[in-house]
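Okay, so chain A shows up in both of these, paired with chain B first and chain C after.
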Partner chain A sequence: MEHTDIFELGGKRLTSRLFTGTGKYGDDCLIPAVCEASGSQVITVALRRVELDGRADNVMRHIPGHMTLLPNTSGARTADEAVRIARLARAMGCGDWIKIEVISDNRHLLPDGYETARATETLAKEGFVVLPYMNPDLYVARSLADAGAAAIMPLGAPIGTNRGLRTEEMIRILIEEMDLPIIVDAGIGTPSQACQAMEMGAAACLVNTAIATASDPVLMGRAFGRAVAAGREAFLAGPGAVSSLARASSPLTGFLGETGGAA
Partner chain B sequence: MHITLNGESRHIAPGQTLRDLILSMNLDPAVVVAELNRDIVPGAQFAAAVLRDGDRLELLSFVGGG
Partner chain C sequence: MSFLPEALRLHREPLEERMAAATGHDALRALERERVGEDGFLALLSPAAGQHLEAMAGRARDLTLRRFGRTVSLFTPLYVSNHCANHCRYCGFAAPNSIPRSRLTMDEVRAEGEAIAATGLRQLLLLTGESPARAGVEYLEDCVRVLRPLFPSIAVEVFPMATDDYRRLAAAGVDGLTVFQETYDPDLYADLHPAGPKRDYTWRLDTPMRGAEAGLRVVNIGALLGLTGWRREIFVTGLHAAWLMKRYPGVDVAVSLPRMRPHAGAFQPASPVSDRELVQAMTALRIFLPRLSITISTRETPSFRDNILPLGVTRMSAGVSTAVGGHAKAGETGQFEISDPRSVAEVCAMLKSRGYQPVFKDWEPLEASA
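Showing the complex of A and B:
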C-alpha cells in the first residue's frame, strides 16, 4: 500500500517533515548532498548586507531547485525590522514563506513573543506564509495563531546548543492545545531527539546546527531524515499502553512440566 | 557625490544607476536585493534607478542561516 502521509503547509504538499538550515556548514558545497540524503524539502536561509569589497556569499547556488525556501528574519530586534527583512526576502523572488525571528537578547537568543506576534500579524495580512519561532508558551502560541501564523515553531533548547528537547513538557502542551502544526525548531542535537518530538505529535522538525556541524553532515542528514520519518510513523501508529508492572508478552499457560490441569 | 551604502559613506560618480554600482562591486544583480531610502527597488528597475547625492542604500543577499 502506498504511504500517503502528506504534510500540507502554506499551500504546499510535503512528504518530508524534516526542515533543514544552511548555516554553519564547513563547506556549502555539502548542502545539495544533505538535501538529497535527508529528503528535506524545506530549507532556511538568512538575509545579510553584502560585503562591500568582497564577493557576495551566494548560498543560493547550492540549494536544489525543488526546495521550498524559508528565509528567516534573523538579525531583527523588533517587529518592524522583521517586517522589513521579510519584504526584502520576498522581493528576491523566492516565494512568500517567512520564518519570523525577533531576538534582542544576544546571550540566550530567546525570541521576543510580543514583537514576534506583531510581525506575524502584519506579514500574514500581506499574504506571507508566516512561521514564527517562539518560546513554547501557550499564550504566545494563541496570540500567534490569532495573528495568522501558518504554524508555530517552538524551541527545544536555545539556538545552536544541540541540547535536545529541554522544553518537552511545554511543547507537549502546545501539541495538545493548538490546532496549528507545531514545528520544533532550535536545540535538537541528535536524531533520537527529533524522533521523540515526532512521536509526541510534532508536525515537523527544523534542524540546522546538528547536521551542519556533524563530522559527516550528509550521513547525519540521512539519519535525521529517517528519525523524523520513524517518529512520525510511531505517532500515527499509536504507541501501546505504558504499565508499571510487567505484563507477559507470551502466554502464561502450557509450560513444560506442568502437572494436573482441568480434565 | 556621496551616498550611504550599507551604513558606510561612499563616494560615487554622478549619474550612476543602481545596476552600475552593483556591477562595479563585482556583484551579480540577480542575487542582490536593494532598498533605496527605505523603499525596495525591484531587480527589473536597477538599470533605471539613478542614484542621487545623499541617497541611503542597502544591498543585501541571502546567506547561510537556520
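Showing the complex of A and C:
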C-alpha cells in the first residue's frame, strides 16, 4: 500500500512516526530486529556510550543503515556541553540531526528549559536539525521555536518511568498552540499510551525503555509500531465529538418529525 | 553545610531497637509505596523484613530494570601506590604492616593502563594507599594525563582532599570519586584508626561533599561491612547518599557494598555479613533510592555476583588485581584477596549469558572537544 501520510522532518520523508532508542538493551544485537518489527526509521543514540575510535564493540554497528540517526546529548549538564557533544556527533559522521538533552538534576532527570533553548539556538544556526527534549511548557516551547527547533519533544512522564502521559493536558496545549511537530518523548510505557498521544495529534512518539526492557523487545517494538500507526489514523479520521449525554444511533424520538406535534 | 550533624544524630538514635520493633507488615507496607521514606527504609532493613526477601528482590529487580535496563557498567581498579600513612586495623596497606611498598613510575602507569585497555575496559578507578607525601595531587595529575588517552572515565580512590585539589584533578580529567567512610560509628571509627590522618572522622565524612562541590560527576560512598552491625551502617549510608543526591542533583551518587576480605594482618570482622543479609541490604537500598548506582566488587565470589546481578547491581569490577602494578606483572602483595578472579572476557560472557549488556564506556570527556 502506498503511504500517503508522510511525516516530513528535517528534509526527510518518514512513513513511520515511531522513533526508537538504543539504551537499556540486554544485547544490542536486538536492535536490528526491533527496528524491523516496529517499522521505526529514526533511532536515538547517546554519544557518551559510543566508542568514538571504534576500538571495541559498538552500538553503532547494530544500527541498520537505512535508519536516520538521532544522536542525543545525554550527559550534558549545560548548553555548552550539549553544543560540544552535537559538534562531536557531526564530526564523527552521525549527520545533522541532534536531540538536545540538558539535564543537571539526576534525581528526576528533568530537562533544563533555559539551557536547552540556548543550545538549540546555537546549533540551529550551525545547520543542525534540532529536536529538543523538554518539559511541556508553552513558554519554553515558544522559545525553542524562536531558537530554530525543527520539532519539540515534550515528556509524557519522567524519563524511564513507563508511567504514561502524565502531562497530557500540557501536551494537548502544545499541540493546539505550536506550529512545530510535537514528538512525545519519555514516560510512554505501553502501546496504548503511544496510541493515545497520536490520537491527540502528536506528530510522533519516541519510545525506548518500554521496548528495551520488555520481556520480548522485538514483539513490543512491533506492538508500538502498530499502536502509533493506529493512533495516527484515528487522528486523521477525526474522532467523533465527546458528549456527557447518551446519543443513540437510532434516536428514540425520531418518529416525531420536525414539528414534534400530532396532526 | 555537612552531613555531620545528621550522622551524629543517627549515632544517638536507637536504630537497632526501632528495627527490632518493625514488623513484617511494616516492611510489606513499605514495599507497596511508590516512594519509600526513612521509616520505610528502616522497616526494609529490619530483621522482620528478612521473611519478605523474595518480595524485596522482585521490587528491586523491577526498579533496576526500569531505571538502568539490562546493562551493567564495568570498571577495574588500577593500584599505582601502596604507601600509606594510616594505621587502619583492618587494612593490608596499613603503615605498620610489613609489606613491600612501591609507587609506579609513569612508564609503569602507562604499561598498566595499556594492559587494562587491551581487555576492552574504558572506565578506571585509580587507587592508592593514603599517603599525600608519596602519592600526592601532583603525582595523581601525572597519572591521569598518562591514562586519559586510554580511558574516557577515570575515578580516584585516594586520600581525602580539599575541594581545590579535587578541582585540580577534575581539570586533569578525573570525573569520579570513591571514598569509604568505613564505619559511620564515630566511636568505633576512633578505635579502628588509632593513628594517621585518617583519624579525622569529620574530614573523611565530608569528602564526598567536597568532591561534589568540585564538580566531579560521580561520587561513590560506602561502609566496610563486617566492622559492626550492618543494618545501622546501611541505614546511615542510604541517608548519606540521599543527602548528597538532594544537595548535588547534578552528581551521580553511587554506593558500594564491600564485605571484609582476608588481607595482610590479623584483624577479623566483628560482625560478618551473610549472603542473605547482603541481599537484604542491597535491595533495601535500591527500593529506598531507585536511581542509586550500586557496585558489587570482586570481593564477592563468582556465583554470588552472578546471582545477585538482577537485584540492583549497576556496576561491577572485573579483571581485578589489588596489587600495585598487578596488571602488567604478578607477585606483589594486594590490599586484600579477591574472590572473583575471572577475566574481563569471562565476566562479559557471564553477563551476556544472563541477558545483560556489559557497558565499557558511559562517558565522553568534553574538555578536548571542539
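What to note about this one:
The rule we apply is simple: the second predicted complex is superposed on the first by the 237 of 263 C-alpha atoms of A that agree within 3 Å, B and C clash if a C-alpha of one lies under 4 Å from a C-alpha of the other, contacts with A are read in each partner's own complex, and residues count from 1 in each chain.
As a working rule, a residue touches a chain if its C-beta (ideal position, glycine included) is under 8 Å from a C-beta of that chain, and two chains touch if they have at least 3 such contacts.
Predicted model, so just to flag it, every value in this text is computed and none were measured.
Of the two partner chains placed by superposition, only chain C is touched by A:Asn162; chain B is not. When the two structures are aligned on the shared chain, A:Thr213 is found in touch with chain C, with no touch to chain B. In the superposed model, A:Asn72 makes contact with chain B only, not with chain C.
Of the two partner chains placed by the overlay, only chain C lies in contact with A:Arg107; chain B stays clear of it. In the superposed model, A:Gln193 makes contact with neither chain B nor chain C.
Of the two partner chains, chain C is the only one touched by A:Asp27; chain B is not. Looking at the shared chain after the overlay, A:Val45 reaches chain B, while chain C stays out of its contact range. In the superposed pair of complexes, A:Thr120 makes contact with neither chain B nor chain C.
In the superposition on chain A, A:Ala91 makes contact with both chain B and chain C.
In the superposition on chain A, the residues of chain A touched by chain B in one structure and by chain C in the other are 23-25, 28, 47-50, 52, 55-57, 84, 87-88, 91, 160, 209.
Chain A makes touch with chain C in their complex at residues 23-28, 47-52, 55-57, 75, 77, 81, 84-85, 87-88, 91, 104-108, 160-162, 209, 212-213. By the touch criterion stated above, chain C contacts chain A in their complex at residues 65-71, 120, 122, 245-246, 249-252, 291, 352, 355-357, 359-364, 366, 369-370. Note for the complex: chain A touches chain B at residues 21-25, 28, 44-50, 52-53, 55-60, 71-72, 74, 84, 87-89, 91-94, 159-160, 186, 206, 208-209. The part of chain B that touches chain A in the complex is made up of residues 5-8, 10, 25-28, 31-33, 35, 40, 42-43, 58-66.
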